Amino acid sequence: MSGTEIIVRYAETDQMGIVHHSVYAIWYEAARTDMMEQAGYSYSRVESEGIMLPLSHLECDYVGGVKYGDRVIVRCFVEKLTIARLVLGYEVRRKGEDEILSTGRTVHAWTDTNLNMINLKKKAPELFNLLDNIK
Amino acid sequence: MSGTEIIVRYAETDQMGIVHHSVYAIWYEAARTDMMEQAGYSYSRVESEGIMLPLSHLECDYVGGVKYGDRVIVRCFVEKLTIARLVLGYEVRRKGEDEILSTGRTVHAWTDTNLNMINLKKKAPELFNLLDNIK
Amino acid sequence: MSGTEIIVRYAETDQMGIVHHSVYAIWYEAARTDMMEQAGYSYSRVESEGIMLPLSHLECDYVGGVKYGDRVIVRCFVEKLTIARLVLGYEVRRKGEDEILSTGRTVHAWTDTNLNMINLKKKAPELFNLLDNIK
Amino acid sequence: MSGTEIIVRYAETDQMGIVHHSVYAIWYEAARTDMMEQAGYSYSRVESEGIMLPLSHLECDYVGGVKYGDRVIVRCFVEKLTIARLVLGYEVRRKGEDEILSTGRTVHAWTDTNLNMINLKKKAPELFNLLDNIK
């Protein structure tokens, strides 16, 4: 997975002069969207089939600050998949650099549109197998 | 209408050290929510009755900057009401001060949940009369 | 100016199912950043020279809603330039389509880092001429 | 500590109809601001003394969704304090209810304005003792 390129927006900075920490969760989500689209099953398609993927857990580690105008690459990868849950990992780097600026993890539940838990393998076996294969 | 008190959040600042201009639209919306609740017809009730109020126009004038930790009062008032549209005005002041820091205006269309225009007076006469009276 | 491509983020939607109106100001800003970079004088360079460009006025017209996953092109152009002010215009379209979904305008003052007005032609003649030429 | 009351903003929801998960970090920050102000040493004062408190770690657990118009109480408390770091905990409840909707934790480094680590006990003993006492 090549990762998602983000150009840091002015509105994403705060008065400390670096990107506000809450923004990384939004970048992770953009990378998550891309990862699923590149995997061949867009998140919009997932939702259109009545499957929701609400977050139950988020964690972010911040190593280095990111500034307005920086170009960063956010990589999203499947850490763990079960019939009930999806665990994704994230790495943020400045474009063209190896140094990791942030790592993250999100845990998601597979639910229906009423946010009740579902068994993904039964409800959408194609999606389950696809994510299982890129793990 | 007494207005809505907002305590400026750190995340609302940018690297210029003042509140980012996009945030005012969110404050106007908080004041709009309060205005309707104080008027006796909450926006949640409006939506639950299948009426949406999407914005068609937004304008903001910024006179003075607002800083992290400032307490501001945002006043929202009905400028104009028709069966098809609602025009609201806004004023932002630091709490306890007269000087206006920002003025704004939003224009909304009355629509159904498919975002098709409706005639508010027919669809929800109570709401129409209520807003007409506080104009 | 070719415009800035934006992939709509999930966090940018609201419960109406479309992009929240406050987000457009952030997209305009991303397009403004690109426009200046493409013009050869990045906004980061402007700020590093002690010149700030705070907004004094914002207006947005919303014609059509934009959804999660949509790709939009935001075009930013110089409407008017004086020694004291910069007026920029914006157009938002879905990628590959002609229909305009939103138009906007921002008015900026040229200031020093204390947000006091400056004469741009004196302070940064190269920048003034460059923007004057692409008007 | 009585906690910080937040009225959920429309812009804070996403198309799932609940508050976007990235928003909780902003609420935690509002509660953190309040906690320090109630403790008698506002975060603005901290920054004005050249002390910054960047986040190095964030984690959030989401148990129940929160909707537009809900009133929530966010409680922030000191979990751990050292000369180099501050660990804070958070709990989110609907106002007047006991059920926890979200818990969180943030880890902060004490730094100067260049984001270099400092020894808080030496640099600001009053602040260190104050936070140590409410632990």
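Note that the chains are named A, B, C and D in the order they appear, and that numbering of residues resets to 1 at the start of each chain.
Keep this in mind: a contact is a pair of C-beta atoms (placed from the backbone, for glycine too) under 8 Å apart; a residue touches a chain by one contact, two chains touch by 3 or more.
Here the structure is a predicted model, which is why all the values come from computation and not from measurement.
Enquirer: From the centre of subunit B, which other chain's Cα mean sits the farthest off?
Expert: Centre of mass proxy via C-alpha means gives A as farthest from subunit B.
Enquirer: Determine which of the two chain pairs, A-B or A-C, is joined by the larger number of C-beta pairs in contact.
Expert: A-C
Enquirer: Using mean C-alpha positions as chain centres, tell me how far subunit A is from subunit D in Å, no decimals.
Expert: Measuring from centre to centre gives 24 Å for this pair.
Enquirer: What whole-Å value do you get for the distance between subunit A and subunit C if each is reduced to the mean of its CA atoms?
Expert: Chain centres of subunit A and subunit C, defined by C-alpha means, are spaced 28 Å apart.
Enquirer: So, what's the distance in Å between the C-alpha centres of subunit B and subunit A?
Expert: 33
Enquirer: What positions in subunit D touch 2 or more of the other chains?
Expert: Those would be 10-11, 16, 22, 25-26, 29, 68.
Enquirer: Give every residue of subunit A touching subunit D within the complex, in rising order.
Expert: Touching subunit D: residues 16, 18, 21-23, 25-26, 29, 52, 54-63, 65, 115 of subunit A.
Enquirer: Quick one: in the complex, what on subunit B touches subunit A?
Expert: 10-11, 13-18, 20, 22, 68
Enquirer: Which of the residues in subunit D come into contact with subunit B in the complex?
Expert: Counting only subunit D, the residues touching subunit B are 7, 9-11, 25-26, 29-30, 33, 42-44, 68-69.
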